[in-house]
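After this come two complexes, each holding chain A, first together with chain B and then together with chain C.
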Partner chain A sequence: MINGQALQNGTQLQRIGPKIMASPLTLPLALFVVVLAVNAVFQDNMFNPRVLRTNILTFTPLMLVAMGQAIIMISGNLDLSVGWGVSAINCIIATYMTDDPLTIALVLIIALAASICMGLVNGILIGYFKLPFLIATFASSYVWLGLAMKITPIPGGYFPRFFAKFFKAYIGPFNTMLLIVVLCVVVWGIIRRYRLGRYIYAVGSDSEAAFNNGINVKKITLLAFALGWIFVFLGALMITAQTRNADSQIGTPFALNSIAAAVVGGIALGGGRGSIIGAILGAVVLSLIMNIIYFAGIPGSWQVFVKGMIIIVALGATVIYKKKYD
Partner chain B sequence: MSNVSIQVSGSFSEFWRENGKIISSFLIAIGLCIVGGILVPGFLEIGHLLLMIKAAAFLGIIALAQVTVILSGGGGIDISVGTIASIGVLFSAVIMKGRPEYILPAIMAVGALGLILGLINGYLIAYFKIHPLIMTMAMTSVATGIIIIYGQGRKIIGSPAPIIEDLANGRIFGFPVVILLWIVLVIIGDFILLRTRTGQKLLSVGTNDIAAILSGVNVDLFRLLVYGVSGLVSALFGVLLLGYVHQAFWDIGNSYMFPSVIVCTIGGVLITGGSGRYLGSMGGALVFTFLQSLLVSLRMEEAFKQALFGLILIILLIAYSRESRR
Partner chain C sequence: MSDRNIVEARNLVKRFGGVLALDKAEFLCPAGKIVGLLGENGSGKSTLSRILTGNISPTEGEIYYKGELVRFHSPRAAEDAGMTMIYQNFSLVPDLSVWQNIYLGKEPLKKNRSMDDARTKALVRHYLEQLCPWVDINMEIRKLMPADKQLVEIAKALAGEPEFLILDEPTSALEKEQVTTLFGLMKDLKSTGVSMVFISHRMHEVEEICDHVVVLRNGQTAGTVDLSDKNNVDYDEIVRLITGKRLTRGNGNDRANRSIGEIICQVEGLSMAPKLNDVTLNIRRGEIVGLAGLQGQGQTELMLALAGYSRTDAGRVVINGQPVRLKHPKHAIGNGIALVPGDRVVQGLFMLHSVLHNLTFPLNARKGAPWILPTKDLQDLSRQLVQDLSLKTESLKTPVALLSGGNAQKVVVAKWLPLKPRLLLLSDPAKGVDVQAKADLYDLITQIAQEGTSVFVYASDLNELIQACDRILVMYEGRIVEDLLNKNIDEEFLMERCLHSGMKRVDGLEAPISN
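Let's look at the complex of A and B:
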């Protein structure tokens, strides 16, 4: 009897095992666990609720922007302009913000609309005008920077304290920002099951084949960008809630960091592969590495080098892994 | 070749298809000069023109590496050219310290380092099939890391040897040497590309991997070497750049990172590879530098300048991609 059950379990494991191993999430998850463990070794109070909270607060903006970048990357493109896009959204929010709830709502709607417009512009340039994504988003990023500088020539601005507190608040054990991230994952999980999500993956893996199967590649590219930039907006909102300041340079590091996070999270450029949970893990891994460098007493100058090496290692591991399990 | 000579009459459209973008890039550059001459007094003075062309020469020389990589196809692109150039600037300054007898060691050391970084790029791209854009971005991070680790907590003392300075800043009969160097390099590049077997290999690899493999070209090895050459050229460019700026800044080369790609596109180098001339990158570099210079000398508000720069680039790129749209 016991033997039979064990046998059954065994076959079940045999059936599920390869499936787990072939998942694009396995590798980022493993990396995450390793980095978390190493961090816990060096940082004694890592799982102290207060430290954990601070960490989560500082990680969320990159998580959200990386999720947006991930969606765009899954559709087979890349967006270099998210960095200064975050700057522009940050400037819109923190410059026009007041204490009046109606104004707050209006400003947020305008900022969201501006964000989606930026995504649409990139989507049109790439989808309809067939510009290479690298060049199109490099050029458009200067327009976003100009916009940000026009709105906020000198850093400054306002963000109501109670609204900032709302994002840092806890509902039970959960932080509002973290809940927003979870909500985003759920929403994307739903979209992914439906036609739009499937088409985004299809266009990303082979746009010609997708076109031949009657998918409107242009439209899907456009929608992928618009969708991605909703996440970018949320990321910009999170960082604004933390700095409570408008600064046209605040988004600069997000451009490459969001790509790095997505890549470490197992999202292949032009592969139509990967899950945005991977991008979240990637963002956390990159942020934790900075923690490790700090707490392990490694000179801060090693940060950039180690980050680059981690990206290369993750890339190489993904390739070797894919060969083995695909 | 023989094909062209037979169809000489009535093959203007053929001629235009091959060279139209190169010619129009030069025409746009001239157009920008005329606009500048009308709007900005002194813009067309010979001294100012030479100054602009000299600045364009530096962008143009590093773009030669980028053209080679893009021509090799397979999504080929090398974002790390700028950072490897920074490495070239930094270490050649430190080794030379203004001493002429150390020029050769400096060039050899810096060249070797650039070659190694380029070969690492090439190896992981060609044999591990990592996307070139992502790989070279990661390399950018690693290379920046090397610079930061080296430069941390120490003052970078170093200067170019007089000969290098003469090469970068000197004049022959009142004509900047570096412009002559640029012209010579472009002529050599196009000669190799159009008249030698290596050049034909490069174009065939870029046009169609499989056809190139069938005709007996080792595509993977060829691409590996192309990235190696790109790294080598970028590092040596760094030595030249040191002569231009006299002092080493750690992020000096970064401003060439994406512009080197834009220059190729403006010059009609097909981003998917296999089609283009080094001469095109020359036109592209002139357009890019003239545009920047024009916007600076118009004394516009910084925000407006950035936005306008992006907008004009977008318009240019759209106009360019119209012909090649499938």
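Let's look at the complex of A and C:
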């Protein structure tokens, strides 16, 4: 006789196991733990609060830009221009910043507005003019670079010390920058409780089906870009606070790094899936990899090559994992 | 306008660029009735329903809803007025869960305008209860089986509490049992005053559930046929309205004229976890063997395995006495096995390429084909095929994406003919194909068999198999459980065999099949 009840209950692990494996955050978390462990091996004092803080400071800009990229990716697009966008915002902030609180506020507001405009431009090109996102954001990236180079032909600029100190203020290993990241996660969590959040996922998953449900796909695309670029602004602000300098080249690595970070973090390239925490984890994993390469003493000429190989492995793991557990 | 009719559409014209999809079509739906909408692919059925539900606007014409002239600019506007359409999987978002999809775009809100997920879930559970209570409302749509997806689409439409509902081919993905549930639900809705339009190619379903049918042909309303007397349905009249001529069917019993030869294909113990479980069968030269069974018993997987698409775990296939290795489609093709796949759009055709290219591709792709294409010969061959198959196409250069479903399917079959295959595999070839094209297709299959090719065909519609096949195999849970000679079999008997096999399995005791 088959004991239906016993079959039903099974063992706890048998029922939860598959659920854990299929959760979108499992792989990023696993990669995070692995990379953290390897890092700990090569960097002896890694868990020292001061060292932790410095690491967090260095990682934060990418975390924020990756979050912005994630939102845009979830809505079904990709933004190659966030890199030089960061450059442009960095140049705006550090070139016009002074010690005067009024100026500081004004510069920040203008920089934020500029950032949102950049997002809106991309959003309009892609959502309303139906340009493929690869072409549109590739083109706009040069516009942002041009803007950055016009404002700051040679590196220079100014960022008030006390302001920078504010961002680096800390308790133990936690500093203001980390707090800002946490606040961003909370804000996104709130957005997800509203229709905008769900519609961004819907449009990214299947824009035609979303349209058939009465969702204004163009508007959602636009809003996703605008929202994403608010995060990009924050990332640019953070890196400006650290370097206290204006440099049109500073944003260059962010474009592809943010995409890689998002993908490693479980954000689907096709859109409609992924968690913002994944993007943060992905950014940390990527940053730790670069850390490892430095501390493992890999010769300078090989560093970029090794970084590439490791990223291939991380991305490959993502793809294989998806095939098996999806 | 008469308010006995909930919907009246008059003088509807719709032009898509140069193509006239609707040419002064008319459509009436009396309140509280179920009206069937029939017509060949390309007759304007989809266009008409999309106009009625606000997906597209008519170029000319008027629509009256509950006696008033209306013009809907979006599907949402039509829905808010009480007119809803059940799509074939065009409105479910794959990465969102079932409950998130049902109220997508019209989510219940809390006072602070955030989404009220708890209330949404409760409502969803209520609507799913009648139709598909086994579905996990937290599961993402993309993880559902096609039949469950269709049921969720239906539940979604019902959740909007429509007064007028259009169902576009709602049964093609469903099991017979689920169709019965759906029809029960439709009858319940009818009794509460909901009016419905039922679009389908399955004549027996239309006859069962509809009060009358409206037939479209070439964008115009060809006529109406009353179905209130279920014992006296003028089937031939319906077909005449659809096709414009009497149904041309090949000689019903060509089987008598065909000679069936020796066994050319033997399958022994074919297994492939999880879907194939020790499949054993044989096929003779010139024979048409049908594959029946409930959906999802491994039929598609068997076809793919025989065509070289899958790595099987165990078993062997013997062709003309020689065991063959079928690890790649090229092995199958090399052994004379050709597959007409289940999803012609994705797997069977180069949609953007011409009829000529598609028809001649297998010929050009085979081993030893000349490097420089003999264009003239290929054109002659294609012209011959088009003629032999009565393929309706403007020219050989037309992209196959522009052909109607039935004609496109003819291309998928015809392209193998120049290779003179030994065994033609067909995986539900007439799905979604209109009446005349379906008849043409099976005539073609019979003709192919007459010329010595063996045919192995899986069809979800049992009537197709009964009409065409010499023998019918029943598949259940990955193995062949019955091998029936097609003498005096009717649909009820065959269906009972498909279900009965399920019953026998449980330790020899009769027990109901639980899902």
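We take it that the second predicted complex is superposed on the first by the 279 of 326 C-alpha atoms of A that agree within 3 Å, B and C clash if a C-alpha of one lies under 4 Å from a C-alpha of the other, contacts with A are read in each partner's own complex, and residues count from 1 in each chain.
Convention: a contact is a pair of C-beta atoms (placed from the backbone, for glycine too) under 8 Å apart; a residue touches a chain by one contact, two chains touch by 3 or more.
Since we're looking at a predicted model, the values are computed, not measured.
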{"item": "Partner chain(s) touched by A:Pro253 [first = chain B, second = chain C, both, neither]", "value": "neither"}
{"item": "Partner chain(s) touched by A:Gly146 [first = chain B, second = chain C, both, neither]", "value": "first"}
{"item": "If touched residues of chain A are counted for chain B and for chain C, the larger one", "value": "B"}
{"item": "First, second, both or neither for A:Pro101, with chain B first and chain C second", "value": "neither"}
{"item": "Touched partner set for A:Ala209, first chain B, second chain C, both or neither", "value": "second"}
{"item": "Partner chain(s) touched by A:Gly189 [first = chain B, second = chain C, both, neither]", "value": "neither"}
{"item": "Chain B versus chain C as contact partner of A:Gly156, first or second or both or neither", "value": "neither"}
{"item": "First, second, both or neither for A:Pro49, with chain B first and chain C second", "value": "neither"}
{"item": "Doubly contacted residues of chain A, that is, touched by chain B and again by chain C", "value": "268"}
{"item": "Residue ranges of chain C in contact with chain A within the complex", "value": "55, 74-76, 79, 87, 90-96, 100, 104-107, 113-115"}
{"item": "Chain B residues within the chain A interface of the complex", "value": "75, 77, 124, 128-131, 133-135, 137-146, 148-149, 151-153, 258, 261-262, 265, 271, 301-311, 313-314, 317-318, 321, 324-326"}
{"item": "Complex contacts: residues of chain A adjacent to chain B", "value": "78, 80, 125, 129-132, 134-136, 138-150, 153, 256, 259-260, 263, 268-270, 299-309, 311-312, 315-316, 319-320"}
{"item": "Of all residues in chain A, those that touch chain C in their complex", "value": "193-195, 198, 201-202, 204-206, 208-210, 212-215, 268, 272-273"}
